[in-house]
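Next, two complexes with chain A in common: one pairs it with chain B, the other with chain C.
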Partner chain A sequence: MKLTEEMLRQIITEVVGQMAGGAAAPASAAAVDTDKPLDFIEKGPAQAGSNPKEVVIAVPPGFGTTPTKTIIDIPHSVVLAEVAAGIEEEGLTARFVRNYQTADVAFLAHSAAQLSGSGVGIGILSRGTSVIHQKDLAPLQNLELFPQAPLVEAETFRAIGKNAAKYAKGENPNPVPVKNDPMARPRYQGLAALLHNKEVQFLDPQKKILEVVQG
Partner chain B sequence: MLIAGVDIGNNSTEVAVARIGAGVEFLSSALVRTIGLKGTLRNAMCVIDAVDKAMAAVSMTRNDLDLILLNKATPVIGDVAMETITETVITESAMIGHNPDTPGGLGLGQGVTVDIRDLTQTAPGAPCIAVIDGGVDFREAAEMINAAVARGIRITGAIVKKDDGVLIYNRLTSPIPIVDEVQHIDKVPLGMPAALEVARVGRSIEKLSNPYDIATLFELSPEETRQITPIARALTGNRSGVVIKTPKGDVQERRIPAGTITMVGETAKEAVDVELGADAIMEKLARVAPLKEIQSQPGTNAHGMFERVRTVMAELTDQPVSLIKIQDVLAVNTLQPQHVLGGLAGEFTRGTAVGLAAMVMTQNIPMQRLAAKLKEETGVEVEIGGVEAEMAITGALTTPGAEAPLAILDLGGGSTDASIIHRDGTVKSIHMAGAGDMVTMLINTELGLDDPDLAEDIKRYPLAKVETLFHMRHETGAVEFFDAHLDPSLFGRVAILGENGPIPIMHDLNLNQIVNVRRKAKEKVFVRNALRALEQVAPGGNIRLIDFVALVGGSALDFEIPEMIADALAEYGPVLGKGNIRGCEGPRNAVATGLCLSRKGC
Partner chain C sequence: MQKRQKRFEVLEQRAVNKDGFIKEWDEVGLVAMDSPYDPKPGLKIENGKVVEMDGIPCAEFDMIDTFIANHCIDVNVAAEAMAIDSLEFAKKLVDINVSGAEIKRLVPGLTPAKILDVLKKMNVVELMMAMQKLRCRKTPANQAHITNVKDTPALLAADAAEGSYRGFQELETTVGIARYAPMNAIALLIGGQVGCRGTLTQCAVEEAMELQMGMKGLTAYAETVSVYGTDQVFVDGDDTPWSKAFLASAYASRGIKMRFTSGTGSEVQMGYANKKSMLYLEIKCIMITKGAGVQGLQNGSISCIGVPGAVPGGIRAVLAENVATVLLDLEVASGNDQTFTHSPIRNTARMLMQFLPGTDYVFSGYSGVPNYDNMFAGSTHDSDDFDDMLVLQRDLQCDMALRPVTEEQIIAVRNKAARAMQAVFQEVGFPAITDEEVEAATYAHGSKDMPDRNQPEDLRAIEEFLKSGKTGLDIVRALHKHGFQDVAESVLGMLKQKVSGDYLHTSAIVDENFNVKSAINDRNDYMGPGTGYRLEGERWELLKNIPQAISPEDI
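Up next, the complex of A and B:
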């Protein structure tokens, strides 16, 4: 797989956009719906829940603001709506937190699980990489892992929410089928690295984990 | 003289090494998996492996041996097959009866089916049921229903393609029952009277599974009520269901022709249709016993199965296929999850199927060729020893507390064998089709696993439900705690407690379901065969006249089969238990031990 001129141009635009001044970049393309930032309201430090009916979803700080869509252009608002729908369909509720401390999907998901009243949490990176986690596991373990962001589609997010809720209920769900495409890595690696860089820039150790609600 | 007794079985090869002088002194034993079909040259590999293993245990090599004794393997091969004999067919989309995990709402709704997009043009008044296809998002659907209700349209229920039942329900102003995950929603006829029911969690529908309630809802005549009875039956046990009244709608249970088999006994001959089920086959079989041969109708599924067994046996023994006779069958009724033909939601029913195990016997298994090959490979003298049944009895008699007359039940993988030794030393033996392999097949099909290895594990080991990462509940109800957390792949799952730790079952099956299927399969095969076999070897066919029964063979090691057989035999009063060969081997190594003992005093 070789980098096409178009891709190179895309990467350069992104980098230039970044250098030109962080948050200004998405505004230029705000006309397109998928670039609309998420209307997140931060509600102060997230508390550990005691409700066995909840599944906590953790996202990194840039999620929904600086990138507003996943690596395959699923708007972040859709991502969260689908995951929440999957949880609701199973009769549980979703709670959202924004973790300013890590951009590592495993630690992100683990932090969600530890806050979750059911002990089950989901971590979703801006590019779409996701993990279903359980509070008693070590951070680098998981219940289900979706490592290749380019293959995580809108339906996958619904299924992730559904399965997380099933784990929370103590049911025995079939794992969401994980797709594997050997070409995803060469095709998207450069872009993924860039997106990760962007993600890391928004980390803020002072802010810890904040409860968020969608406005 | 140092000799090794070798028993080549269908699944495992066992060795006993003994020094023969004035008496017999056993030195060691070994067990390996049989390579290749029993009695073929490929066995040489596993025989040498087993002998080496046994000799290594006492720090010797096979060159120290004076003689290798092979059992005269009973030329028995079992094979198993499954024939589905019923299927359910729905015509004209008369019903939807499946079990979505999460339907929405509760209760019964009745009305005419209407596409949700047409609700805006529907006149208020007559009740209707909204049909929501994949193109409508759950938010839109809820809004459209709410808007229609606001206009005075009576919506009594909804049928949804996607898994959106609860999502829509949560957004409605007035609650209605919703059946979701209906894959082929485009086939739901519109403008037809329909009724829809959702039961509460943990219950099944009551109205639509009762033909008189359906008759009440649709004002049916007695004749029409008779016709909808299969629909009511098909919906029984579901949490949600839909019945649609279409002009020619119907549900039928159809029988699939599986072929006729003709059983030829010594004095009688009986033909039976496989589709009549296992009981009919076994009844006819008992009438013609002892069985000499089975003929089957060419071109049918039953024929295909019997031909396969014959072909394998013919190749093994270098005989023409026509000379191979089937000498026992075991037929078992089973249920197989099946797609309903014409179903709208990918419904499954549990179709009836017949499992068949067949057994073939010949007089001519090529043991001499194997013996010659082994001699060439090892440089040790190789002989073929006594008859397997006699050797097994001799070995079993080394069990402390056992004496003649003694019956043994050899529960293997391919066949169940019984032999009895009378006080005067005469031995009678019988081979029955159906054993461990058949149990595996039954578990595989009844649970719809499509994975024989998993079915094999389910057969062999008990189960537990992993409730948290730190504790599991065993199938007995006992709870076990762990200090370190379990593997994450086990979380929430039913696990098989195998020798190398728990294995998760990645299927949506609950623990009780699996345990029931497993126990039933073992009962159908082993308990039935134990009784069948003992009846045939018992004096006068009366099991009460047998005093001692010892279980040997691989399946005797099973964690529950011995107790099942003990329960079944309790009323006949014999002493029954697992053999304990030489007081140390448990139910294994009987034939190998018997072979060594047969050379006592040489």
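Up next, the complex of A and C:
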């Protein structure tokens, strides 16, 4: 199938339908303009934090602008709001960085963990693929990995934030329930390759990692 | 369109139309095997050194070119091999009068672009012919994935036992939650030996952990050591061809079998294909593997199959990459291990490319569990398709290394594996496997039939297990103490393989008497009808007799 507008619309409808079905879904994609760019203000080079009550979230350069939503059309503003809300529910604070050096989710998350005062960080690719990382682990290890972007929903992002905060507090939480859809690949992998090729075009090794705040 | 044509409305609902198809995009390498940016073949050698390869002078080599030029290209045969017209070379691959040995003498003299040029001359039937003739081990084998979405150990052990009992010579697991790795590895080690002695097991996770588990004797081999066809993708993975070669030698030094993994589509999936076709880049991966001195490779796109699967000629390219692997005299674990389509027709057509000619491992692996439990995100075929596979073997008189079984046999091996696992858990200090779990694992379809475990407690116990320095020998001891003498002996037999090292030979599998069968003592000698592997005699009698076939005497 070619990815027609009609099909995208169908996917959006399905996703929104699923989200409406889950009563706990705190934010609805339907209420947000999914094409609106994220209002990110870059604040200069990110510094290593000393606050043990923070979790750092790293995103790649195109995140929030090109594209503005995940592979299942969750707006990036919702993604960040959910993750931050999850962290705040545990009494910790979220700090955001934009990493211009890598669009590899493991290294992205690892860079967040390195900068984080608690040693716990989260990496989120534009399409939704995410990792919870800890600074003392090898880059390709992780605390929790969410490899199938089409299965990472708004409430998953909140759960990711919550668990990251729990790890930061030294707790040993129940991992976010693992999801698996054998048909995600046939449907989305070609599209994911397209999206990723766009994502890497925004990398800029000169810019390194910048602190960002939402305007 | 105001009025729809009814046939088109039906077609639109077909499974195949849920798949994602992408038009070629040469500039980023979204093209299977024929990009206008692929280099033209060529090789210059001066004073025994490669000074120019495929139009690139050595001063401009990137690290992969350098590695291939220095460690893979055989300068002694290069002039002779490169002088052969690509079409003539392609004809040799299908000519039953040209031996595999003669072809494999010449191939190390070819450059990546030349190998691509040869393969581009061949259609899929010719490529299958080449595979039948050139794969390293004569007897085909098979690998299964054994995983579940809950990482629940009794079920993993039971599924491993069923998998090896059904005939899979290799079993591979991975994790839903990374920290479960050692427990999952132990489940396959035990279950695999319960189902069939000599079964090779692995646990695909982060490389340092994977090596550590091999050294502890929790796994028998490793496969997920990934190589890539462009420098940038290598660097993104914090690696180089040399670091991968170093890792390979770490396995070899401990007597642990290993192969690399690569596959078409990975470079473009990661955004750095340098405008080259997927197959051209994959040939470079295969040559890196050869240059590193590794005995084999898992390829056939593997986890990126949705990418070649989405472009024209992609499935042909996937077969061509398997063939390129055996051309370089490497063991091939040939994919068919990831969902790439909603369509059962496409799915089976893709699998026939490896099943019909036979490969070292037709699937790598087949989902030995229902696909909802397959933590490699699903395989082309799963446990619900077992009977279809047995019938395909019987229909075509063609061997994918599976055998007919009865329900009673499977219940028995599943139960034994779960009980053995329960005993080992008690000894090594893992949270208990209850009798309820043993019972559920014995009769389960999948993890949906299993009770939940306390995951944080499991994870804490695994951390302690790793710190304790316990090894495979502690597993042997635990099995022996609890009356599983035969399983204890089998697990010990697997540990001994690492001392003798015979299974480090190309394409090695271990049979139920712990004899190694490899490209050395089971060399593929196919040269046309009457030669090579033939499904006949005792084995054919076994595969003919599926339980559901009606016998004339019974009527």
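As a working rule, the second predicted complex is superposed on the first by the 183 of 215 C-alpha atoms of A that agree within 3 Å, B and C clash if a C-alpha of one lies under 4 Å from a C-alpha of the other, contacts with A are read in each partner's own complex, and residues count from 1 in each chain.
By definition in this document, a residue touches a chain if its C-beta (ideal position, glycine included) is under 8 Å from a C-beta of that chain, and two chains touch if they have at least 3 such contacts.
Predicted, not measured: the structure shown is a model, and the values here were computed from it.
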{"item": "Touching partner for A:200 - first (chain B), second (chain C), both, neither", "value": "second"}
{"item": "Chain B versus chain C as contact partner of A:54, first or second or both or neither", "value": "neither"}
{"item": "Partner chain(s) touched by A:142 [first = chain B, second = chain C, both, neither]", "value": "both"}
{"item": "Chain B versus chain C as contact partner of A:134, first or second or both or neither", "value": "first"}
{"item": "Residue contacts with chain A in the superposition, chain B compared against chain C", "value": "C"}
{"item": "Touching partner for A:172 - first (chain B), second (chain C), both, neither", "value": "both"}
{"item": "Which of chain B and chain C A:88 touches, first, second, both or neither", "value": "first"}
{"item": "First, second, both or neither for A:162, with chain B first and chain C second", "value": "first"}
{"item": "First (chain B), second (chain C), both or neither touched by A:102", "value": "second"}
{"item": "Contact residues common to both interfaces of chain A (with chain B and with chain C)", "value": "141-143, 172-175"}
{"item": "Residue numbers on chain B that touch chain A, as the complex places them", "value": "101-102, 138, 163-167, 170, 467-470, 485, 488, 491-494, 505-510"}
{"item": "Interfacial residue positions of chain A with respect to chain B in the complex", "value": "85, 88-91, 134, 136-137, 141-143, 162, 166-167, 170-175"}
{"item": "In the complex with chain C, residue positions of chain A that touch it", "value": "1-3, 102-104, 107, 138-145, 147-148, 172-175, 178-194, 196-197, 199-201"}
{"item": "List of chain C residues in touch with chain A within their complex", "value": "17-23, 25, 28, 30, 149-151, 176-178, 206-209, 236-238, 265, 268-272, 304-307, 309-311, 338-342, 371-375, 377-379, 455-456, 459-460"}
